[in-house]
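You will see two complexes here that share chain A, one where it goes with chain B and one where it goes with chain C.
Then we have the complex of A and B:
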């Protein structure tokens, strides 16, 4: 551990239960629930609660549900809809499951101040989206919740429109990548979709006036598989991580044009499987704070970088100034010797300094990043 | 010395001319075979699109997304060259057009709720039409097209751990 870093990472919980490697975690955006999925074909849900009002108080995590998804193979990714009501699962069996919880008798949550009651209704598969020919790798809801994107080893990216009663309409199938597509990610405010692939490129998609989806840009630069994508909370930047051991930051220079403005290297010794860009917690006077970028991968390390907007020069610079990055926290061997497959920031207000990771050891860990008070 | 060069030059010229004839014959045969394969696939998609377009129209469901997919599919197929221009003058990107056609076909199938049956032999995994009203195809085998056999077992791929 580097004692000079300005923030600490505290392990709040180690959640065991999966019988095989844990692939992905997703925080429910509106409720205090964390979901994880695994090669054991299940999704596990955990409820969390802060013990006291103090910011340094312990947070208790308790398993509330294990969904036997019925997928015949690994569940590779999970995603919550923005409303927090629906869960989507992406599986190696090529299908995407859409899940909602049956309303059940509310159990009294001891802490009534939380304003949330633990419901223990069964999770039901409302819809099964078929179409991919091979392993589905990622699934994601757009910020409005009206669109769902998925991608697969079959090199395609699919966009579905969400209708009431778990009815999904296929808006488009895009086969622009030449290899396995690893992840899809939506822009935080607009309906722009990004995909990362084994073909070393990132592609961006948008829809035309007749709602046909097409690829409008291909971002090249990475020298190997692009594993993960994360848009900055303000939507102006896109971060990508790769097998080439770098994280690249791309800036939106025009409405439909993104350029690489930064390459961060020397931060991981192995493939960077996952990155997540959260709002972080800023000092009150920071107006150029772009958030916290967390990265993890095959070297078992978790890095947390603080990203700041470039200071604007007085002259009109022809060269775009890149945002600055600073390592503020780090954990070594976060899951012992095991690869870490996913890292994800919580987006719920008051919990934005919580980070969850999923590892090959089958465990899900929750961490809290806190600035060291001077 | 000089005579050896002449023998070499003559031999080379004869070989080149001979090779050119064989090359043309083989090339034409390959072109014919590939052309047949491509249009076997495209013709299938065109038929599917035309049929569903007619069904949607008859049911008055022209607002349906599926109708739009069918129309777009027919439009893409119509862009596919049906005559044989010389390579330099053609500006059609055939592989890209093929990808777009196959993608649109998959989107149409997803909207209809039928399993897509890729017609290209050697690419993609053969999968049977699950729709009860249509006969199942053995799309992996190039010679049999309308083989009424039981649906092929779904592919049990290796669980790749990426």
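Then we have the complex of A and C:
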């Protein structure tokens, strides 16, 4: 850990259990649950809560469910619906599973101190979305929860409409990328979809009036595979991370136009597999705060950047000022010598400084980032 | 291998594409004597010379003499069909094996008629190709060309310049395909209702095929279903496509009339679709005895245009009599351009709706049927037939849905058809990989029946079977006209591209007439068609997004033009229903249209009789049943079958 940095990273939990590489973690947006998935074809769910002793700020994580998904290959990614009721799994067996929890048969639910009832009901596969020809790499719900996107090595990006009774209707199949599509991400408020690919590009999609989805922009600049995407919480920026060891920040300069305004490099020695952009915790009276951006990858390092909006001093300037970034915290060898495949900020109020990572060692770790009080 | 220019014709966004890699291994037929090399010594490189031959050359030497010529990899269409590496057309391969140059090569090497090895060259043209050509020719002239005119011009070109003996369009073959299709639907319907009453064993259903029946004319869809959705195969109609019915007519019916065996006829078809090449090379359409296919070579509209260019022929020049004989009956009595109202993709759904609505047919005698249509979204429309039982005592009888059909075009809608039919039919959707998951999802459906979710589809089907009244919304599909291309066959992958002068005056006016204003609205992140965009094209702010949208609208507008040409100038397919009676315009034309159709019906029955030779002579009409042997022949001539292709690529591990 770097002592000069203005924030500390504390490991709150090390969650064992997966028998193989852990690929992805996802925080439930409404409930104190963290989900992880693995090459062992399971999804593990952990419940967390603030310790009851007033003196302690510790947060306890406990496994509550293990879903034996039935996927015949690796579960590569998981995603929660905005309601927190539904979980989607993306698997190398080409399918997407849609999971919901059955009510527990015996009502021996325990109340946690935050009023959340921990239920042990089984997670059922409500629906199976097929269509991808090869490994499904990523899955994501839109901000309203009415759409689900997925992508695959088959180079396609699919958009599904979520119907009642775990029914889905395919709304679009975009065959725009020339290679493997690594990740899909939705804009935080609008129905804009982004995809990152092995073809070094990022593509952006919207629905058009005749109800077909189409690619309206291709963002080029990365010199190698684009692994991960993260929109800023305010939706004005999109961050991307790549095998070229850079993070790029793209700004929405017009309604349907995004431009690269910043390149962050020299911060990772190997592929940057995952980035996550959370609201972070801002200092008082900091109106420029754009949140915290975390990155991780093959070098086992976690970096946390504070991103700030450009100062609006010279508004007549024709050249757009980029947002500024500052490294505020760092963890070396966060999963020992292993690659880290995923990093994710918790979005629940009060827990926005929690970060989860999933590594090749099969473990999931939870970290708390805190500013050093001056 | 270069791609034909024809391949880049249209907006291929929504087509089924070849998969990442062809898994057909390259075989080295003439083993080369390996020169032993020291490990680590300079290796060799592959070089391609100007004629396209491949050479293996040592990297330290550039002399061509030391190079070894390599066998080019050969992949036949049948390899493609047997392989699951690609979803459908590996286009470059198809083009070399069934191309316009192949047609020219055949015609130039065909010995004269007096020669014993002479083959009779026959050309069959899909009406959608004529529409594509008509739209293209009309866009560069002040006159709108009819399909009859285009057919007359092609006929002249094909006979006088190319040397074809006969030229037909495939609409009469489609007429027969539709008759058989309707017959098959009623067969399935009868079986489904008798099996739901417990009169038939479950197995019998599989022999006849299941409901909903799915259209069988689109080879892209067939190929996709065979490779990735084997569970759909029992639902797909087994009636041959118009192309293959035409193949049967040409090689067997006409061949017999001419005293020619199937291999003494060379049958070329002109199709809007590349996948028709795959269809033509299916084992079912290959005659082992004579080593010949029912359709020897398929070329697309785009390839036909290349052929015209190569021959320096101008289709925009009128030919004598092209406008006078609107009702020509070509030799052998096969009528030209029979119109079937409904859809420009073959009117399969409409022909079934018509057969149900026809007063003399169906069990619901005495109750009038009404149709309600619902455009679910682009390329997906449902048609529900309601019966109003007149016996109902209530003052306002509640219409009961008795039939629900849909047209579903494009890969996206096809996905939803597969999901919906799989669900409603109670079959497990998907490949082995889906495995347990699907089982679980289904187990859940069963378990919840009787509970809160009465909407569970299996339940719906049961309720229908039990004769309960279901709503339009609840009614399950009985028939789906499935086509793989967005917009259907007029927008087939092999059709002509929109003319280059896309921003020419006439075109823009047309867009405006259609209420299509190009633009990206500034608010809300939602794309809107607004009135601000003027002839100058896109506002600069729209940027690349605007260009993408413009290209899409250009392609859509063009598809609309082709559709118009297909219907002889009407902007949309004739309203359906009322069926085709309305589309013919004046009563005089209508009369000839009806007469034409009844003559076509009579000819179809005559063909059926001549080919199937039922005991007791002439069959009454196409729906009538014949003796067992005649029925066997009917199936052999007018039906086909499908088989699931096992995936060979499952099991390849990918790390990321």
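Just so we're on the same page, the second predicted complex is superposed on the first by the 359 of 374 C-alpha atoms of A that agree within 3 Å, B and C clash if a C-alpha of one lies under 4 Å from a C-alpha of the other, contacts with A are read in each partner's own complex, and residues count from 1 in each chain.
The working rule: a residue touches a chain if its C-beta (ideal position, glycine included) is under 8 Å from a C-beta of that chain, and two chains touch if they have at least 3 such contacts.
All figures in this text were calculated on a predicted structure; none of them were measured in a lab.
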| item | value |
| --- | --- |
| Room on chain A for both chain B and chain C (clash or fit) | clash |
| Contacts of A:192 with chain B and chain C, given as first, second, both or neither | second |
| First, second, both or neither for A:170, with chain B first and chain C second | both |
| Touching partner for A:101 - first (chain B), second (chain C), both, neither | neither |
| Chain B or chain C, by number of chain A residues touched | C |
| Touching partner for A:254 - first (chain B), second (chain C), both, neither | second |
| Partner chain in contact with A:73 - chain B first, chain C second, else both or neither | both |
| Partner chain(s) touched by A:38 [first = chain B, second = chain C, both, neither] | neither |
| First, second, both or neither for A:241, with chain B first and chain C second | neither |
| Contact residues common to both interfaces of chain A (with chain B and with chain C) | 73, 92, 130-131, 133-135, 137, 153-154, 169-175, 180, 182, 210, 212 |
| For the chain A and chain C complex, residues of the former touching the latter | 69-73, 92-95, 97, 124-128, 130-131, 133-135, 137, 153-155, 165, 168-175, 180, 182, 187, 190-192, 206-212, 214-218, 254-257 |
| Touch list for chain B against partner chain A, complex | 65, 68-69, 72, 99-100, 102-104, 106-107, 109-111, 115-116, 124-125, 127, 157, 159-162 |
| In the complex, chain C residues that touch chain A | 12-15, 17, 19-20, 87, 228, 377-378, 411-413, 415-416, 419, 429-441, 444, 453, 455-456, 486, 520-529, 541-546, 548-549, 552, 556, 654, 656 |
| Chain A residues touching chain B - in the complex, by the definition given at the top | 21, 39, 73-74, 92, 129-131, 133-135, 137, 153-154, 156, 158, 169-176, 180, 182, 210, 212 |
